[in-house]
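When the chains are written out, they are named A, B, C and D in that same order, and each has its own residue count from 1.
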């Protein structure tokens, strides 16, 4: 029940926010904040008291074998926690930025978050695809309605890329559905059933590429990355935070949850290409980031570089790399989210995102300067901060499998350093030629930044809880690729059995 | 008499060809309509011939349908011709290209 | 007492955090107390720990490991946050905390006029904490944390006065160049973990000795990668270019980070992983050759600099070259001994230079100074002691004992050679020359600029203490010939392999010592003569010398080379590719469909006849296809 | 019989050719009626007397009369013939002719060896039975089509009449 609640809370909160706009345009943000706070509380409750696992199954369209099958294990749990946290941060970051059609804005924002949560929790492929679409459409509106100068172009590009790739995934899902149905006579979209589908090699490769294209576009990896800088740059701050922090992660999650277990042997065949793409993303993204003039665009390209580690690690086929991938997902979400919030704050104060017109802002805004420095360092993988753990584990895991790619990817340490110090130099360091003297971070922003800083430090120094949470997933994935799914009858944890018992009438 | 059906079909093809040239070349809408009637007839001729070949009524029935369709078409088309002449004072279809979507 | 070990690195971190969060609201005196105080307590604690540690042991090897918490534990990879204390790290932390405290004390006065007083101390404290973590780390991952942490602090503090683009450039350069070395180090860690299954330094050493045969390629590759990391951090050839530029930071920063502590981290790393290097003679030879080459190359560059701090920077590079040379010939403890004396006298020189610079309103150019001897007697005398120690003036200075040891061992070691010895002795000549060129230009000659400020006690006290240490520091490892017992060497030999002498070379040590002493004194005399007789100017007037001068001045053209080969192409590529060449593909796709749309629009022209034409054409084509295919 | 067929064919082709070449609409209409009548002869020869009757009564009779009315209403006389002539220089014939000829060639290629052995007469009775038997639905649809044609023509024509009534000005021709 709590899983359905996790999905419904933001959606209902969004509707509420939309509704309250009729009375007062300043009201929706409180509704949204309350909804996200409730969401975070629910997620924390799930983590703390239900040992982070739960299941929720009700039939939806039985004729086609579609059920509402929600399941939460460690992997889903950490991502849902991330969603709730970043959602809260995104709502807070939009506090003063959005002043028109506020209700509809928060509705879209929260609906996106609801979709993201749904994606992280669905174990029914049809439901998964449903939520996949739910998160794209409101994001399109967020960019198209509240974006910056070039928003129509950016939103259309975003929509086309994600929609086309999503349709390919739909085709792949249907192909899997029919293949499974033909083989077993039992037509179902259920992930656990579909895991047992025997697939010929070519069929597996084809279906996998359908899934993979959707996820890789979302991730994004070179050469499908070109929607990302435009979308991130033009989106409003909250949109960028959710895009970079969460929507990209759905791609990574999809690879971990669906591609790796469903197509284990095809993945092994495809791994060299995927790893090459990952390495190219790391280096090429860093090169692109270094060349940008627009701060937001620059940070957007760093995402390409960082998500390259995810692709690289996911296909390495090593447990260490998989742990690293999960860590990278979390920390990138936080660090890039924080950077986007900071850039949004800068833009709100300076009314520009051009690097050429910034500089020397540390003296005027020490709090912002220190936060920007911290997260720039996180982005270059400074040990002690979470991103380092992720990148190091990925590279360590990859090295065990393929030293060549690991060494090439290690060059990313240098290139990320180049762009990170460049960000710092062009914004908070350097001469303050324009005589900027903007106000420092407000109390609200300081709280957000402090929370994010503490979190990234915590992940960097005490990351064990995360690894403990995701270890069942990773260990299952590596041991028995065919049955890595949490089978409902196994009742591995008390949380599962309780959830199962709870829904049985 | 048995060879005649093949020749009828050739005749139908020739008539159709003539009608097509008419439609393609003429700009006056009245002439275009006339050319279309020729093409209808060619088609009807082919149907009737085919019906005769197997001694079945279906060919003639198709011809009846063609005739009824031609009647409906002509009645509407001629009404349109009247409108066009009234509005544009001309029967040139090229001049009526402002009607495109 | 040993249980308190964790407080030593924790205290500066805490101080840093506190200052970073609340520093802006505190008065300067409180900031100074906090900043210098945390490190001071650190130094005291270190002393207590040292006493306790030495008391614990008589002669057998004793180490103390303290696990704070388990950092990671995934898939067999379980580094913890643990501290490891043995003789080597004890010597290191003693020197680090002592010198750090003195420099912090000095900074309380030196930086008093700066607006970002608290930020300075926050970052300095962060540095000390990271450095101590680096040295005390029990496993490579924690060492890497400290390693990167000091790099970050170096970056932050070089760019401390970030308003000047030049400083930012220097800071970035330092960070990125050392990051190249760090990446090599990271790859070395990957290899170590993949092949040996652990990152705990002690276990790695044992496992490497057991599993890797001596001279095996894997050991060589690992050792070379570690060397690359060390080279980056310690500013050795070919990654030395960042250090002279790093002088853009405040002078105490140069003294602490870029002379006494951080740059010697490479020496520590190689000493720490000595087993791996012992397994790979090729890598060890590479260490020695890099050291020898660096000390000569940097010596020449130091000889022609104008900026007093740049002279000291090149001198630092050169002296670390000596340490590398010592490591390369297997004189492990000699390297650490030189690290110690170098930390004392180089910190002293930098602090003295800082006094001079502060007194002359930020003047860095030695040719605009002069005659400051009378005006700043204390600074002069302490600076002179430092210079003597750097030039290894025989018998009285600490530098003599440490450097002489290295020069001698470069010859007599089983891995040594005449060439390495010749380079070392030539470097010694260069050292004396550039050092006393600096002294003569700054403190002698006509008075060009008045000293406006006299250092107060927080600045004077460190000078005096360091001057005493620069003299007396040699006593800890006084060789037998001079009546000592080589105490430090004995102490360190518990953790470091003992020195192996080449058969037949270990004779005439006295003669070699006298020769080395003569060379260093000769260097002083030579530069004195050259300067006095105006020969120096005359020589540097000739065109050939001018070309050489500018070549050395620019650090042997390494900067230009890297700029040409790496930096410019990368920057250009980034600039050209700003709009992302892959995006052109998608833009082209959309343009193509737009063109297609235009084309189709053109067919819809409203002419009935052309519609008919289209239908007929379609019919013709379809029937044609049906008929002929 | 064959001779009769070939004569009718030749008449039909020539008359049709004249329809598309003629510039005077009234003449063209008359040529078309000739063509239709000759087709009726061919229908008769093919053993389809009912179709032949329909061709004469409905096509040549009713539909063509409609054309005649309209041509008269619009007063298309020699003046419009001149206009027509000016619209059709020889070169506009070239492309369409080529295209249509290609189509004709294809059709003839398809029809080569067409025909075959069977041949038989179909009486009006059989047609009637089939029309209200298996083709009942199509017949109903055809009636719907005619109805809609009726409504459409009425609607459009009424608009024409009203517009004429409301719009003063020189009237080009009088409605009969």
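In this section, a residue touches a chain if its C-beta (ideal position, glycine included) is under 8 Å from a C-beta of that chain, and two chains touch if they have at least 3 such contacts.
Small disclaimer: the values here were computed from a predicted structure and weren't measured.
Looking at C-D and A-C, the interface holding more C-beta pairs in contact is that of A-C.
Comparing per-chain C-alpha centres with the mean over every protein C-alpha atom, the closest match is chain A. Here the spacing of chain A and chain D, counted between their Cα centres, is 69 Å. For the pair chain C and chain D, the distance between C-alpha centroids works out to 100 Å. Taking each chain's centre as the mean of its C-alpha atoms, chain A lies 39 Å from chain C.
Centroids built from CA atoms put chain B at 64 Å from chain A. Among the residues of chain C, those touching two or more other chains are numbered 613, 616.
Multi-chain contact residues of chain B (touching two or more other chains): 20, 24-25, 27. All chain pairs that touch, listed by label, are A-C, B-C, B-D, C-D. Chain C makes touch with chain B in their complex at residues 604-609, 612-613, 616. By the touch rule above, chain D contacts chain B in their complex via residues 1-2, 5-6, 9, 12-13, 16-17, 19-20, 25, 28-29, 32, 35-36, 39, 42-43, 45-48, 50-51, 54-55, 58-59, 62-63, 66-67, 70-71, 73-74, 76, 80, 84, 87-88, 92-93, 96-97, 99-101, 103-104, 107-108, 111, 113-122, 126-127, 129-131, 135, 138, 142-143, 145-146, 148-150, 152-153, 155-157, 159-160, 163-164.
The part of chain C that touches chain A in the complex is made up of residues 20, 24, 69-75, 77, 81, 115-116, 119, 141, 144-145, 147-149, 152, 155-156, 159, 162-165, 168, 171-172, 175-176, 179-180, 182-183, 186-187, 189-191, 193-194, 570-571, 573-578, 580, 582-583, 585-586.
Contact residues on chain A toward chain C in their complex (touch as defined above): 157, 222-223, 225-226, 229, 287-288, 290-293, 318-320, 323, 360, 362-363, 366, 370, 373, 377, 382-384, 388-389, 392-393, 395-397, 399-400, 403, 406-407, 410-411, 413-414, 417-418, 421-422, 425, 428-432, 461-464, 467, 471, 474. If you check the complex, the residues on chain B that touch chain D are 1-11, 13-22, 24-28, 30-31, 33-35, 37-38, 41, 44-45, 48-49, 51-61, 63-65, 67-76, 78-83, 85-86, 91-92.
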